[in-house]
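The structures considered in this document are given below.
Consider the two complexes below, in which subunit A is the common component and subunit B and subunit C are the respective partners.
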Partner chain A sequence: MARSAAIRQGAAIAAAAVVIVVIGWPFVRLGGVAFEDGLATALATLTSPLVASAIWNSLWTGVLVAVLAVCAGTGAALVTERLAVPARRWLRLGMLLPLLIPPFVGAFGWARAYGPRGLLDQLVGSDLSGLYGPLGVVLVLTVAATPVVWLIVAGALASRVEPDVERAARVSGAGPLTTLLTVTLPLLRPALGSSAVVAFVFAVNAFGVPSVLGTPAGFATITTRLYQDLALSAEPSAFVRVTTMAVTLVVLAVVVVGPTDALLSRRGATRTAFAAGGGSNGSGGTAIAMAMGAAIVVTTVLPFAAIVLTALTRATGLAPVPANWTSANFGEAVDSRFVGGLVHSLILACAAASIVSLLAALLAALRGRAKVLGSAVTLGFAIPGSALAIAVLLAYGAWLGDTLAIILVAYVAKFWALGHRQLAGSIDRLPPDQVRAARASGAGPADALWSIVVPFLRPSIVAGWLVVFVFAIHELTMSSLLYGPTSATLAVVVLNVQQLGDPTVTAALAVLLTGVVVLAAAPLAVLGAGRRAPAR
Partner chain B sequence: MTDGQGPVVVCRNVSVAYGPTTVVRALDLEVRRGEVVALLGPSGSGKSTLISALAGFLPIRSGEILINGRTVATVHRCEPPERRDIAVVFQSYALWPHLSALETVAYPFRRRRVAPPEARRLAAEILERLGIASLADRRPAELSGGEQQRVGLGRALAKEASLYLFDEPTAHLDAALRTRLQSEIGEQRRRSGAAAIYATHDTAEALAQADRVVLLRDGRIVQDGSPTTVYERPAGVWAAELTGPASIIPVRIADQHDGRARLEVAGVSQTVVVATAGARAHGEVRAIIRPDWVRLGGDVPAHVDAVAFRGTHTDYQMGTVAGTFGVRVAGPPTMGLGESVGLTLERVWIPAELNDEGASEGPNL
Partner chain C sequence: MATALTAIRYGRPSPLHALLIVLATAALASGCSSSGASPSVTETTAPTNPPPGTITLYTSVTQATVDAVVAAYQTSHPNITVDVFRAPTAELAGRIAAEMREGGIKGDILWLTDPLSIQAYAADGLLKVWQPAEAAGIDAAFRGDTFWGTRFLNMVMIQGSSVTPGPVGWRDLINADYKDAVGIPDPGFAGSALGALGYFDQTDGFGMDFYTDLKANGATQVKTPDEVTTGVAEGRFKVGMTLDNSARTAIAKGSPIKLVWPSDGAIAMYSPIGVVDATANAPAAESFVELVLSEPGQQAIASTGWQPIRAAAGGPSAAGIQVYPDWQAAFGQRENLLTEYRAIFGG
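Entry: the complex of A and B
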């Protein structure tokens, strides 16, 4: 007993040390620099027109995206999990497609599909006016955030709303709509709340989408303003603005996420999953499924198809027909920058995934005994990448500036929560009696850990590793602020080419980047299918 | 509720399937007003599926279902549950986590546009009747399993339906609470004249509660009769073993009239009450014998193979040259293992199935 207590203490100290290095110290530095010249100066910067308008834009687009994504994601979840629709499996797969496409690639795709001189323009001679500007930013961010809402709500529908509970309402005389309003939605309230927070944080966090669709139209959010001030501006006041905005982002995240996290952890044990029922047999199932399929095609498939066509076409402005096809763009795309970016991204993603897996195991060993550490790790994920990157830069820029190492520190701080959640979730599902049974059968503590706990957790460890890897491969926000001449990642290379304004080469790079993400995500899908299989 | 005199439920040639798997096959069933029917079968026999089809949770693949003379389900049409004159007590309770006991029971009243204060008053009355008035403000998470079950029952009673459907209503309850609930269900039925269908795998409950017992196997009705009929004249070995302990013993019938027969068992001649279903009730046959149809003392030589004291009675396994008998005797054990004893048969049942097919199940208790 004494030995396991010592092990636990060691784990707690080690985890606390890493939390301080990757999260604690950077934010102390950030706060210090921001308030260096006193509160009055900080407030003055905050209310200056450039900063205030960026904050306001981030806020209202964030709220709007959260509302739209919750509506779309919840509607989609009700369709895929509750209605008798044909091709349910394909619809579910379609809902997940946007996750495979890095958001800024999605934005680029929308521009190629529906923007000026895009696919729609070439086919019917008109484009989606306002795509460059707030409308486009909100639309594309909503498309990117909807799958996350869908995942959360569909999961809650399966675990919290047993079909019998809805049937009981129907038997009691409630029609489908009354059942939805009086039973289903009230039970989904925690899921709707948390998914709205996730969508809001995601939208405020977003850098790639507003940078592709907002910046050209002069529409700045906190993240794009930050990038411009830090990367493209030399005036001294720019740096003050940078730190002030970074602190604002931190405060926003804490204010929004803090109460929700506390609220959600109070709701107690979740129910065991229930096999999704056949649901009611609505006659409009086919029509609804087709409408949903069409929405997926318009928002995700067509934009990506536009990128592929652009990548295959010899020059912008030419019709995307086979006569004009070429592979030259790919040849041009795969240069030394691309190879360097790919190598850097792979190294960073592997390192971040492995370190995060180790750290997650360290936290899991504490089994909820270190709530503060868990909260700090969650915060690391919730705080927008721009703020995190500035904080890391302030803390370690002097020693590690322009190296892969400083990007790695930011990745670990950001993605630790992803690995932690995976592992903590499944360690809670391990029945305590299984370990007791091993001990009663004669296994020592280490033996029980190795023979019972580790095999039980293996799928979660692998899944956590892969999730972090996928996120790290297409991370753009932090990398774009932290990279140096010799440490550009793949996503940064794509963004830089896009900003130089060569659509065909950008398209080829975007296709390649998405390909890398899909390759990395494929084992995850196999793993997910394998894990769901025994439940059937 | 309608005042018609016709059956409350008519199922004609009803089949129900989950995807490609047919679970209920071409089933015919009628339930009359005020009748309690138990669907008795092992898990996977289709009893819960039939309940789901009657409630409108599942469409049917063939045939039709009528409730109160009105067609509610055909292959092409499935009337939604809220328009059917039914109430359901769920096996999983299916209480709403966000509603209190009172709100839950008031819910069906509110759906019939009863004003909120009146709905609350009626709901409180039902909770009172079920003895859980003090729990009115509690949510499911704050209720024990038995209390949740009663709230679920209260919600069903609030529907004031013609047909009550019970999906394993007492599966998770201890014996004392079960008795209590059964009497509450029975009282409601007498009061309103409604019919009830129970799905259960508990034989004792089915025999005690139902006017009629329907034995289900692989989605088909094996037997449909009164509790006494299914116990005394089970359709076959499977039905006999489902409805209680039974031994299968070869006997030789010499002559038979007026329901009594001279028969030879283990070489000893006995005069017993005999019931036969068709076929060869003559010569060498295989008979089903319940443990309460055998008496201690008599000419059939036996020895005690096993003894189990059950409180109100004792179950013995008695070995004879013809096979092993289960014997049930009131009171505590009076004999030990290996002791020799004589037996008398009082009654046997010779089902058609056993002797037509020559099924070869061994003795079983």
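Entry: the complex of A and C
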């Protein structure tokens, strides 16, 4: 007992040290700038009408996106993991599709598909009114956040919710709805809370979607307001405002994440057995699967098809028909620097994903003892990339400036929450009896970890690794602020060719990035999906 | 490897070093202000053959233009390595602001998009005071004692190819013919749009009322001039306000739009370049600026589709009147302008 307590203590100290290095110290430096003109100035910034309205807009869109994404993601997870639906694997891959499209391009795809003069408008002469404005911002952010919710909830359904308990409820006469409400959802509570936090924080720090769909309607959020001040930050007062708004986002996250995590720390039932196969119940699976497939097509496939058509078209404003097709836009996006950027991005994405998985496992190993650290990790995800990059630059620019290492610090700070939340939704149902049994039978701590804990958590670890990998490959804002002559990333290289101006080249960039992610991650995704679905 | 060197090279200057710089700057500044661009200053700078070394260029200029200019520089200065950090204006400004709190700007040269973005650095004394020999070839309106114009960005109008009648002057944008079909870039995002806002605010017959009228005519703000070009090409807008280079690029690719040079003048902004005062390699940095302002540098800029500051270099040229904002006045008014604009357009 004493030895395992010492190990726990060591792990806690290690985890705390990493949190301080990648998140704590940069945030202290950022906070120092935010309040260097005094608390009064900071408060004056936040209460000025323009900033106050932006804070309010961020807050309510964030809450709405969290609610909608948790509903959509949980519903989808129950369908793919619990119902007897045909083409389950295809539905699972379909749920992951939105992750493949870089967030700054998602809004663009929707505008090309459903906006004025978009694909739908050209084909049937009508468009989605309200796409430019708060409605569009909420809709597109919900679509982008849903896969993360689905991953967390599906992971929890696979490793946390006991199918035997559900079956027992059904055998005892409970209907499917009663079982869902009284057994499944209560068991999912930590996963639902965790995913709601991620969705809220994702929506609040999003920049691309509100800037493309909100600006034309005069709808500003903290992130678009922050970016406008960043452009003026040659003036010290504007730079201080930037950091003040960034700190506000961190405070918002603390206010939302802290209580949610505290609420979730109550322990539930202990899992008794490994997955005993999904509970396939109910009929009408085909109809549900078709409805879900249709939703995936409308929200993801069509916008992406619109992007591909744009990338293939010679110039904007021409009809996307074969006569106007060209591959020139791809040529503009790919030059001699492309390969170097690709290598850097792959290294960074693999390193960030692996480190985050390790750190998430470390926090997981600490179980309930690391709630505060777990919450702190979320703060890195809560702040917009541009502000986080500035914080990291303030903290480590003098030592690590222009290296891959400083970009890696920023990636870990930003994406740790994604890996952590993935595990946090499943971890507290880890069967302690089995670990104890293994230890009592002579297994060392490492053996117990490897033979009991890792297999139990594998779906969540694989999913977390993949999500971080994909986000890191797409990452643009932080790298474009932090890169140096020998450390440009793929998105930086390709974007520098054309400053996000020409939409045909931007679309080609999106298609290329998506292609890279598919090539690198698809085998792993298939592997993960296969692992999560034991023989039925 | 190179990065470790960079970190060492740009360590925090010692107080004594800083004092010397301040003194030298003050001496040069007083000399310049009393006699303008005095020949004595010109003679003391820009040796033709700086020693081998590395310089770092911080820029928001498009990659193709930077590549062409660096290539031209390297044919005449093969023993100097140019490291380029290129980022959009906002990211570049954020990086510089962070670096200034950590010991100083790590770049040797700033080459930015519009005058507003460099004025604050000049006002804070972060730019070296000197006179490039090549600056003599530039109109006095586009050169100072810390930064110089390199190329023009012209804010013009565009229309869809099939739109009739097309607009002629700026005031046509508030014509009822284009009700709910005008696109303009957001001055909060695009420096060029901020320059245009400054110009209209300063000019009789426009003022902030021009933007109120635009809003009343159903004009839509999008982020950047390129988005305006796209919107007009797709038919989402009939007419719009955009940069000449953006319109020309789209037209060259075949987009169904026309560039309209406003009869009352395109709003011309110049893209400034200057040397960072704390540079560790002033001779090389200055030689780079000389090259950008020289015939070969100007030709390289022209070859990538921008109107060079020296007309003799060829390339795209003004198709009509060019008008210029009063940058000094606009610089002091920036916050007020944006606040007034936001009250009209939101965002």
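In the analysis below, the second predicted complex is superposed on the first by the 310 of 536 C-alpha atoms of A that agree within 3 Å, B and C clash if a C-alpha of one lies under 4 Å from a C-alpha of the other, contacts with A are read in each partner's own complex, and residues count from 1 in each chain.
Note that a residue touches a chain if its C-beta (ideal position, glycine included) is under 8 Å from a C-beta of that chain, and two chains touch if they have at least 3 such contacts.
These figures come from a predicted structure and were not determined experimentally.
Of the two partners subunit B and subunit C, more subunit A residues are in touch with C.
Once chain A of one complex is fitted onto chain A of the other, the partner contacts of A:390 are limited to subunit C, with no touch recorded for subunit B. Shared-chain residue A:398: touches subunit C; no touch with subunit B. Once chain A of one complex is fitted onto chain A of the other, the partner contacts of A:242 are limited to subunit C, with no touch recorded for subunit B. Judged by the touch definition given at the top, the superposed model places A:176 against subunit B, while subunit C stays out of reach. In the superposition on chain A, no subunit A position is in contact with subunit B in one complex as well as with subunit C in the other.
The touching residues of subunit A, when paired with subunit C in their complex, are 33, 50, 115-117, 211-212, 214-220, 224, 227-228, 230-236, 239, 242, 314-318, 324, 386, 389-390, 393-394, 397-399, 401-403, 477, 480-487, 496-504. On the subunit B side of its complex with subunit A, the touching residues are 18, 55-59, 78, 80-82, 84, 86-88, 90, 92, 94-98, 107-108, 111-112, 141, 152, 155-156, 158-159. Of all the residues in subunit A, the ones that touch subunit B in their complex are 160, 162-165, 167-176, 178, 182-183, 186-187, 189, 268, 277-278, 280-281. The residues of subunit C lying in touch with subunit A in their complex are 1-3, 6-7, 56, 62-64, 83-91, 93-99, 101-103, 106, 117-121, 160, 186, 188-189, 191, 220-226, 229-230, 232-236, 246, 249-250, 253-257, 334, 338-339, 342, 345-347.
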